[in-house]
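In structure tokens below, several structures.
Presented sequentially are two complexes of subunit A, the first with subunit B as partner and the second with subunit C.
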Partner chain A sequence: MSARTILIADDETHILNVLTIKLQNAGYRVITAQDGEEAHRLACEHLPELIITDYQMPLLSGLELCSRLRSSPATKDIPAILLTARGFSMSQHEKTQDNIREVVTKPFSPREILALADRLIAQEPAATTIPG
Partner chain B sequence: MSVLARDKTSTFPPAAASRTRPGAGFFSMKKTTSLTLALLAVIAAVAGSGILGVLRAAPLREQCVAWSACGMLVILAIVILLIGRTTTLRSLGIIEQQLRELTRNDDLNPPGAPMPQDLRPVMCALFEYVNHVRASMDELRLQKKELDVQMRVAEAERQNTEAIIFSISDAVLVLNSFGELVLANTAAEELFGFHAKQWRHRPIDRILNDASLACLIKDARTIGEHSVRRHLEYSTLRDGRTQTFNITLSTVVDNHGQSRGVVAVFHDITRERESTQVKSDFVSAVSHELRTPLSSIKAYVEMLVDGEAHDENTRRHFYQIIESETDRLQRLINNILNISKIESGVVEVNHQMIHANQVVRDVVATIMPQASGKNLQIESDLDESLPTIWADRDMLHQAVLNVLSNAIKYTPAGGRIQVSTAAAEDHRHIVITVRDNGMGIRAQDLPRIFDKFYRSADGAAIAKGTGLGLNLVKHIVETVHKGRIAVASEPGAGTSMVLRFPRVAI
Partner chain C sequence: MKETGGKAISTATANACQTILAGFPQWAEPWSRLGLWVSLWDEHIELIEHTGPAGAFWKALIHHSDRFRNRLCQIARQSQQGAPVVCDLDPLGGMQVIATPIKLRNRAAGCLLACGLSDAFFDEETFARFCDTYRIDRAVFARIAATLPRHHQHQLEAYASIMVHHAGAFNAAELAQGEINDLSSQLARSYEELNLLYRVSAGMSVYKKPAYHLEQLCEELLSITAVKGFAVVLEPPRYLATKPSVVRVGSVDATPEDIVRLYQQVRDRTPNAGQAVVVDRTHGDPAFAWAASWLKQFAFYPLAKNEQVFGGILALNHSDDSQFDSYEIQFVAALAERSTAFIENVQLYDDLEHLFTGLLHALVSSIDAKDPYTCGHSQRVAWLGRNIATLAGLPEAKCQRVYLSGLMHDVGKIGIAESVLCKTGRLTQDEFTEMKRHPEIGAHILKGVPQVADIIPGIRHHHERMDGKGYPAGLAGNEIPLLGRIIGLADCYDAMTTNRTYRKARPVQMAVAEIRRCSGTQLDPELAHLFLAQDVQAVHRELTEFGNQSTNPQLEINIGASLGHTI
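Let's turn to the complex of A and B:
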């Protein structure tokens, strides 16, 4: 895996930019994608340490992206943070897919995302509580 | 029948009569004949012994006297026999006459009527028997009447029950204890596509295509010794659409706890499910649309507070994002509120006579910078003789703005947009048409483009939007102004949106 590389996938440019700035300021290398297909391609290519993905994206949803990453040996262990503005439309099963370590409901705090990223990359045990 | 048989054997009147009066009737005649024959035998014996005795010792004169006496006795016996036979024949004639009378008139002469004395016991017995039979028949007739009435009531109740079952909009299947179809109402025939009359008394698993459903219904017969009601959900695909039913299976059990069959009622809950889904989707879409700009605002404000923007340009950029996302949020809230107001009928409509051309010109002027920025050409072809219409100016402005804004969004750079106004052929409406040569709309998306929050995949990939703009336009045109909106589109060739407003209020 590439050291301290985080992939952010969101079709909302402003969200993508603010998270990029926050994580880059914290010393992470950030790569970005604006749809699910592009995110999958970049994940396979760069093997980031963490993926932060929106739930609702063109071409491939965040859930489908995580599911596809789980099916590949090279990417199945990459932890993911799922951002959603439709928190209550997700089933408990969807929320507990093993590579989705956290589900964060929008509006979120960039500080909170950075803290989660630090913890997951440091391989701390994932919290069982689901924000939002 | 068993009652009748018992009566016949236990109280057979002639036998009873013979037991109570052993010397009466036919038996008296038979006895008379027997006595006569006995008398003849005695006479013959006496005569024989007398003749033998006399013949041994008596003189000829006494012998003659003895023979004469014997002859007299024989003649007397023959006379008695003839009288007895005549009497018997007459009695039989009377009995025959009575029986014929009974056959003709269903009646007998009463025992007190004039009749030979020796026939009275026989006729009494016969009379009693006939009366007994008549009483039994009367009782049977009464029972038959009661049964007829009960049968008619049962038939009427059955017809009522069937009429009720047939009037139910839910599909109803009734099975007997063998799992065979007994009754199916019209809704069931339509749902499962069969004719109940043709399939009556056929096994249910041969009628229904879905083996698992047939199995569920059949199994309900043997649930237990008491009437049991079970509810379960069943979904099936019909004409490419999923239909969901709430099935109630009721076991029919008789007084002995034996299963007599099962009644299955299929209540269609497809609409409820779809309605629930639509509400859920709506709430989810509102949540998404509100949270997304709010998320940007919150994140950029936090970045500024945390000093993550290191220079003035970055800070200004953040402020601009916060401002634009706030505007986006405001527009969204306004759209939702406007639609909700129109839908709930509480919107304030300011109707007045207005020139639609002027409104269209204002909108084009407002939106022109946006079109120019994308290198789009907007052509106006306005009918100068267009009559005024009775409409709300601001709402008309909003409707035309939303349609033009969509045309700009989904038309590639260098494209052309035409706006035209004209009086309709019926002279009672005016028509505003916005035509572009943009990406167009796929046929499968066309029926849904006016739905709240609906966005086609193609449209979402090209431009941002809430999926509320066209819904608001439709409400403004059709709900508020009683006009009509129509769309024609060809993917890759462009879209034509036609707004038709009445000249006066309807």
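Let's turn to the complex of A and C:
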């Protein structure tokens, strides 16, 4: 079985590095984006099994990204984890967008993110579309 | 791998080589397309990998000719001095060798070595001399050599200068990536610790038992560090003669007694209260021979306030029996520090609670003691009240308040003349009127203490009756506060089942019948029903046992100890 792909989007490269190392060591294939537009493009292109995205990003916020992905049949079922800075409040409506399965505050525990990723990916049925 | 001393260096070098090895094929590709043979050597000058046209030729050459191999090794070793080496394999030999050192910071950690052949190599005489020098079969090698790419000398020189730069850039890039990976791992670790600190701080509440918090803390530490087991020992407060409490997590095969013994041993050995002690190897130290079966190494963090040690965190055994790393030691120390403050608060809180209840018991004992017949009465009413409150489904915290209310219900008797209080025989009308003042006196006494405002209704109204014929306010039915109705029932039961000046104690069955008779008129019918639905005989036995306990003089002595730190 080919490696599962996770897309990580964050404008802070140190976060990208930390999560990449953690997830790669656990056997996942990782692709990264540093802004919302790039993340959207990569998500549509690679159809990852999971998206981990920061809330605040240039061009397109994590929330808007998830919203856009939800409106397309190809990407609407991809689960997402949203990372927010401590104390950043989000309205209930925003939090309950379907594809956002978990909201995690920073500083997060990399171990917990990995555990979350394992759980969310295991829950999804195997992808039937082959990424172009 | 050869011991180079210090685990950190070996790992870094190993990682560096791994990273370079991974990137080697991509780096080597353009060079092999140009017709050069390219190879990667490690810091011990062992050939790890190579590529290039007619790789078989080179491989065979190295394999068959020790001399050739040694010559290459010599050049590679020379490059380890720090600078790239560009030279002919032999003078007039037609084989150009380019060796660039792989650097790990300032240490040489291997070599990228390339060979290229110029036209001169294929000159018959030169080739013959080459084969003789390196003891290879001319006929065999001539055939293979014919297929090898050849270059002009000036081309080789150009390649050499470019390759030196290229190899340098490749080296730098791969090592930088390796460092980034290392940093990211460290950063991930920092994130874990930060996250733990936040969670631990948020979770510390004075209302949770320290044992619960400490157990959580140890579990977290276990998953973040490479320590095999954690234990926390807390010494009991001075006025309690209990054993130290122990919390253990992890895979260390020690009993709580073992842990306490180790704790006491190390605590007594610590020069300054508050300093951490790390013992990386207990094996061979006679002081720890008793623990040799389970103890390999440990770190001890005292929990102390004002030079007084009141407990400690023990980190027991490290994975691979290796040393505790300084990062781990510091992190656990930080958490120990945080826990100290928390535990101290909890113990202070506990202390105050003990002080409070102790004083109350003393107070009511002194009131009850005036009349030998009412000795222990308040404690028993308190116990009964709590029993009834629990039956009525009140939450635990409320039941405790009912206990308190029961304890204090007759405190007003302190304002009643002794002649009335201790009179044997029946009271006159006037004397009875005097006696009836005690609920309001009690309420009045406690009026000035806001912390007990909620228990006052139990004191003021415990002599009310459901039919409104009670005192002091003549309230009826549910107008009577619940506390009053509960204490009223409890008071009634205890009064019937204990000796009085005017009559002996009634047997339980009679008390039960009496309660049933008064249910609805004097007593709250629902509460009475709940109370009687129990096995009242069994409850009475428990009550008697409790009563015997609380007149234990031990309690009075403890209060003295609470008030000051020295007796």
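Going forward, the second predicted complex is superposed on the first by the 117 of 132 C-alpha atoms of A that agree within 3 Å, B and C clash if a C-alpha of one lies under 4 Å from a C-alpha of the other, contacts with A are read in each partner's own complex, and residues count from 1 in each chain.
Convention: a contact is a pair of C-beta atoms (placed from the backbone, for glycine too) under 8 Å apart; a residue touches a chain by one contact, two chains touch by 3 or more.
Bear in mind that the values here come from a model prediction, so they are computed numbers and not experimental data.
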{"item": "Which superposed partner A:V18 touches (first subunit B, second subunit C, both, neither)", "value": "both"}
{"item": "Contacts of A:Q56 with subunit B and subunit C, given as first, second, both or neither", "value": "first"}
{"item": "Subunit B versus subunit C as contact partner of A:S109, first or second or both or neither", "value": "both"}
{"item": "Which superposed partner A:Y28 touches (first subunit B, second subunit C, both, neither)", "value": "neither"}
{"item": "Which partner reaches more residues of subunit A (counting touched residues only), subunit B or subunit C", "value": "B"}
{"item": "Contacts on subunit A seen with subunit B and repeated with subunit C across the two complexes", "value": "14, 18, 21-22, 107-111"}
{"item": "Residue ranges of subunit A in contact with subunit C within the complex", "value": "14, 17-18, 20-22, 107-112"}
{"item": "Partner subunit B, residues of subunit A touching it in the complex", "value": "12, 14-15, 18-19, 21-22, 25, 35, 56, 58-59, 85-89, 105-111"}
{"item": "In the complex with subunit A, residue positions of subunit C that touch it", "value": "180-181, 183-185, 187-188, 191-192, 194-196, 198, 223"}
{"item": "Contact set on subunit B toward subunit A in their complex", "value": "280, 284, 287-292, 294-300, 302-303, 306, 308, 321, 325, 457, 460-461"}
